[in-house]
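What follows is a single structure, written as structure tokens, with notes after it.
Labels for the chains are A, B and C, by order of writing; each one numbers its residues from 1.
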Amino acid sequence: MASRKNIKFKYYVSYLIVAVALILFTVLQLTGGLKRSTANLLAEIGYSVILAVSLNLVVGFLGELSLGHAGFMCIGAYLGTLFMKVFSGFIPSQLVCLIISMILGGLCAAFFGFIVGLPALRLKGDYLAIVTLAFGEIVRNLFKNLPWFGGAMGYTSKGYGSTLFIIAFVAILVMLFAVQNLVRSKHGRAITAIRDNEIAARATGINVTYYKLIVFVIAAFFAGVAGVIYANYTTPILYSFFSYNYSIEILVMVVLGSMGSITGSILAASFLTCVNFYLKTHLSGDMAALKYLVYALILMIVVIFGNAPALRSFREKYNPKVLFAKFFKKKPNPAAERNDAGSWDRIPTKIKMDELLTVDVKSNESVQDPDKGEK
Amino acid sequence: MKKFVRIMSVVLCVVLCAAVFAACGNKKSYTANNTEYFIGATGPLTGGAASYGISVQKGATLAVEEINKAGGLNGVNFKFEMRDDKAEAAEAGTGYDTLYEAGMQISLGSVTSGACKSFGAKAKEDNVFFMTPSASEQAVIEIGDNAFRVCFGDPDQGTLAAQQIKDDGFTNVGVIYDSSDSYSTGVYEAFKQKANEIGLTFTEQKFDAENKVDFSTQAGALKDCDIVFMPFYYTEAALFIKASAAKGSTAVFFGCDGFDGIAGQFTATDKPANTIKYITPFDVNSTDAKVSAFVTAFKAKYGEEPDQFAADGYDAVMAIYQAMKTAGVSDVTISASDLCNKAKATITSSSFSYTGATGSMKWDASGACTKSAQIVELD
Amino acid sequence: MSTLIDGLSLGSIYALIALGYTMVYGIAKMLNFAHGDIIMVGTYAILTTMALCGFPAVAIVMAVIVCTILGIVVEKVAYKPLRGASPLAVLITAIGVSYLLQSIAQLIYGAKPQPVTLINFGHVTFGSTTLNISTLVTLGVAAVIMAGLTVFIKKTKTGRAMLAVSEDRGAAELMGIPVNKVITLTFGIGSALAAAASVFYLLQIPATSPTVGSLPGIKAFTAAVIGGIGSIPGAMIGGILLGVIEKVCMSIPALNPYTTAIEFSLLIVILLVKPTGLLGKKRREKV
């Protein structure tokens, strides 16, 4: 029973973080105690979190690399601004206007996600990565040159003001609701099955293309929503912002938060945005390259440490959770890891035959431990 | 595991509370704790336009050092801080907010026009005075009565260039400009308008921020021109000139103040035989006492020759200093808005003028700066 | 005519870079995203050597040495530990290497683009067309390099070992081919080709900056995929095709702004029609 409760609690952690932050900062904002720069930072965190979680859906859960996430965001940003301009003519409330634009902007991005996904998902792995990258660059190039989006000098939007972050945080909650429910459903299990072994998944009767497309479209939708938020945060919007470098920045967030962990993506996106914000003030001149140096090292160290076959035993020995359990429960408790693997929040990476055996043996020995501990 | 999650949530709560405390701030008096006059600015310190931001930063830092060495303003020192905006409007806006909350009292705005418009719009709301060194787009000084500039306006240079080309009797004229840069486009628009007025016909080519290294196509299209007008910056200009020379062009290359610094882009082996000339307020080889003093000080500090951006940054700080001195500012905790009113009144008064590295300047209420332009030929 | 020559010369630069991508993919089964940045390192190696001694020949040799060593070091440090891990992990690490090289270059040399003069060949005029001599040199030398590479792979023992590894790594290992050595060698050759590309790049565009490699890198990557990644003649054809298309698009005013979109659309279309590229081999997936 304990493990079920665990899952439930973990299920709510991400909501809890976002909701607490939302309430706290909203109260502060309404009482006028919030600095403008903090409101800016919160808005940046808002759209970064949406981007990171939606990309995580593709990279972490589906297991395909998309380098065109900024392209979907670009569609949302440009078209969302267009919708804002159109609707502000006959809808007096800016809030209603923004919400409608967010939904429509997201839908447009999702539509393009579908258009691109339909043929592109026939491709796999590296080929899909390059096609999504190409797609992002095409989108950017088109918005730069189409006559009605302000050209190379940028598309001027109106800007929503300092309460934007509240809407961004509400959007995060809505997205969490959608994504968590998808991931924990039977569809979510089908998606992770595709990631772990596509051929096996297909053999068990999972409609691979259908699920890939679903994930692609949902991720594109939320990237579009993030784009609309971004467009209301900044003005003018510039095509150059949405280059594949930005897609990679989102990828860094996902990787740092550990692929396949939604809470991880939220925390990593918030953390990196804060660090970015801080570094902007404190690194000037060419030293600003240090930021990318740090990014590069994060990417390389996290990935090499987490994936290198030679480091497997090291990883098992020094897993943070095992260490944590050692520290608090006085004796190692490999079951902690097992429990975690069983929850849907963090799904183990591809299980090899030998791993499968060792994990099973371990868990059989100590599956009773946590229950005893709790009672 | 449960414990882990619980402890994690406690930690998160603590972090959030800490964040809340950090986020609170007294909105009214950001400048109350200032011990130095705080000049803020944003500029591209990274990215493709970084060289301009870094130059302005160097020039402005030099000016602040000189002021402080000479005793500051009534014994109170100045400090200068530039935040990176990557030449992006959004970054400039957030940069402004952070600077304002850090106690910025007066400002140099932003280095590039697009960013400066976003910076200026916020500065207008808070009534913060800014004197941009190099954002030359007309819209920048049209933001409000708090906006001033040290550089030429874009239209002035375009008009001047069209007239000059017409007067020199060139008929086969080419123009190339950067369609993603408001400075370049602004000069180009003014040039086009003037050229149409005076009946000058020309062939045009353009490029943008992401295609500004390979100019062989544009150079090929303009290789038969007698003169090519190039309203953009020197790094790209040098590449275009080299590409044109490789295509066998014999044209005269005619640029704007963005050309300043182009001499350093050529070496003895690849300097083309073509004539290169440009409109500039700042000539590094000038024998004028003010200019040579600045150039010497800059070389001593940074070990390189200043370009026009550095000179503009230097002059902007100096002009602000002189205006504050003339206005008799004496309170180091003066709010940005009060300082803005004083500085505005002083700088637009007919008796105020400032002479620096980029010549003698006067300002009117529009925020534009009147100073003389010269056409320099590169030898 | 001059557009075509420009296109061929740009295309041969792309082809040289694409060869690096394709060889590494064929043998190590990974996309070396950092390949474009090896070119950047090459340009800076030339910049520094030219500033120190001023002899173009020394600079070129230096660039080749620096790039080759760098390519091998990157392979040993970043990619080797991940051999056998998921392709996604390797690709993300490669992106990390790319960022790392760029930021280190910016920390050392600054973000400011710097002019680099290698050799100034001047130009020749045939009737109405004026040609840049460096363009012709690029074309000629690139053709020689590509021919040499083809001969090397087809005729020498090492070259055939490389082919064998790309065909079936396990079987090659069983046949006594030192797979790790072959992979390292491939990275070395790929990086040396990148160094050659950086020389030709500087002949066309005499300036460098920390991000100089990313656009040609991405374009060459596209070229390699168009030609069928893993296939050496495919990389050459893809590179030259892409270069010519780019120059032709740029010379038509109506298409000029959309050049990038056209190039990438071409990639998508080709991949959809022929998912393994023009000359790529179809691989049957095994369970």
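A few notes on this one:
What we mean here is this: contacts are C-beta pairs under 8 Å (C-beta built on N, C-alpha and C of every residue); 3 or more make two chains touch, one makes a residue touch a chain.
Every value quoted in this text rests on a predicted model; they were computed, and no experiment measured them.
Contact topology of the protein chains: fully connected, every pair of chains touching. More contacting C-beta pairs link the chains of A-B than the other of the two pairs A-B and B-C. The centroid of the Cα atoms in chain A and the matching centroid in chain C are 32 Å apart. Centre-to-centre separation between chain B and chain C, using Cα means, comes to 38 Å. Within chain B, the positions touching two or more other chains are listed as 46, 50, 54, 208, 210.
Chain contacts: chain C has residues 106, 110-111, 257, 260 touching two or more partner chains. Multi-chain contact residues of chain A, defined as those touching 2 or more other chains: 144, 286, 289.
Interface of chain A with chain C (complex): residues 59, 63, 65, 119-120, 122-123, 125-127, 129-131, 133-135, 137-138, 141-142, 144-145, 199-200, 244, 248, 251, 255, 286-287, 289-293, 295-300, 303-304, 306-311, 349-350.
On chain C, the positions that touch chain B within their shared complex are 2-3, 6, 10, 106, 110-113, 115, 117, 120, 122-123, 125, 130, 132, 134, 204-207, 209, 211-212, 215, 247, 250-251, 256-257, 259-260. Across the complex, chain B meets chain C through its residues 46-48, 50-51, 54, 208, 210-211, 213-214, 216-217, 220-221, 223, 235, 238-239, 242-243, 245-248, 264-267, 269-270. Contacts from chain C toward chain A in the complex involve residues 25, 31, 78, 81-89, 91-93, 95-100, 102-104, 106-107, 110-111, 210, 218, 221-222, 225, 229, 257-258, 260-261, 264-265, 267-268, 271-272, 275, 285, 287. Within the complex formed with chain B, the residues of chain A that make contact are 2, 5-6, 9-10, 13, 16-17, 20-21, 24-25, 28, 32-38, 40, 44, 144, 151-154, 233-236, 238, 240-241, 277, 280-281, 283-286, 288-289, 321, 324, 328, 336, 339-340, 370, 374.
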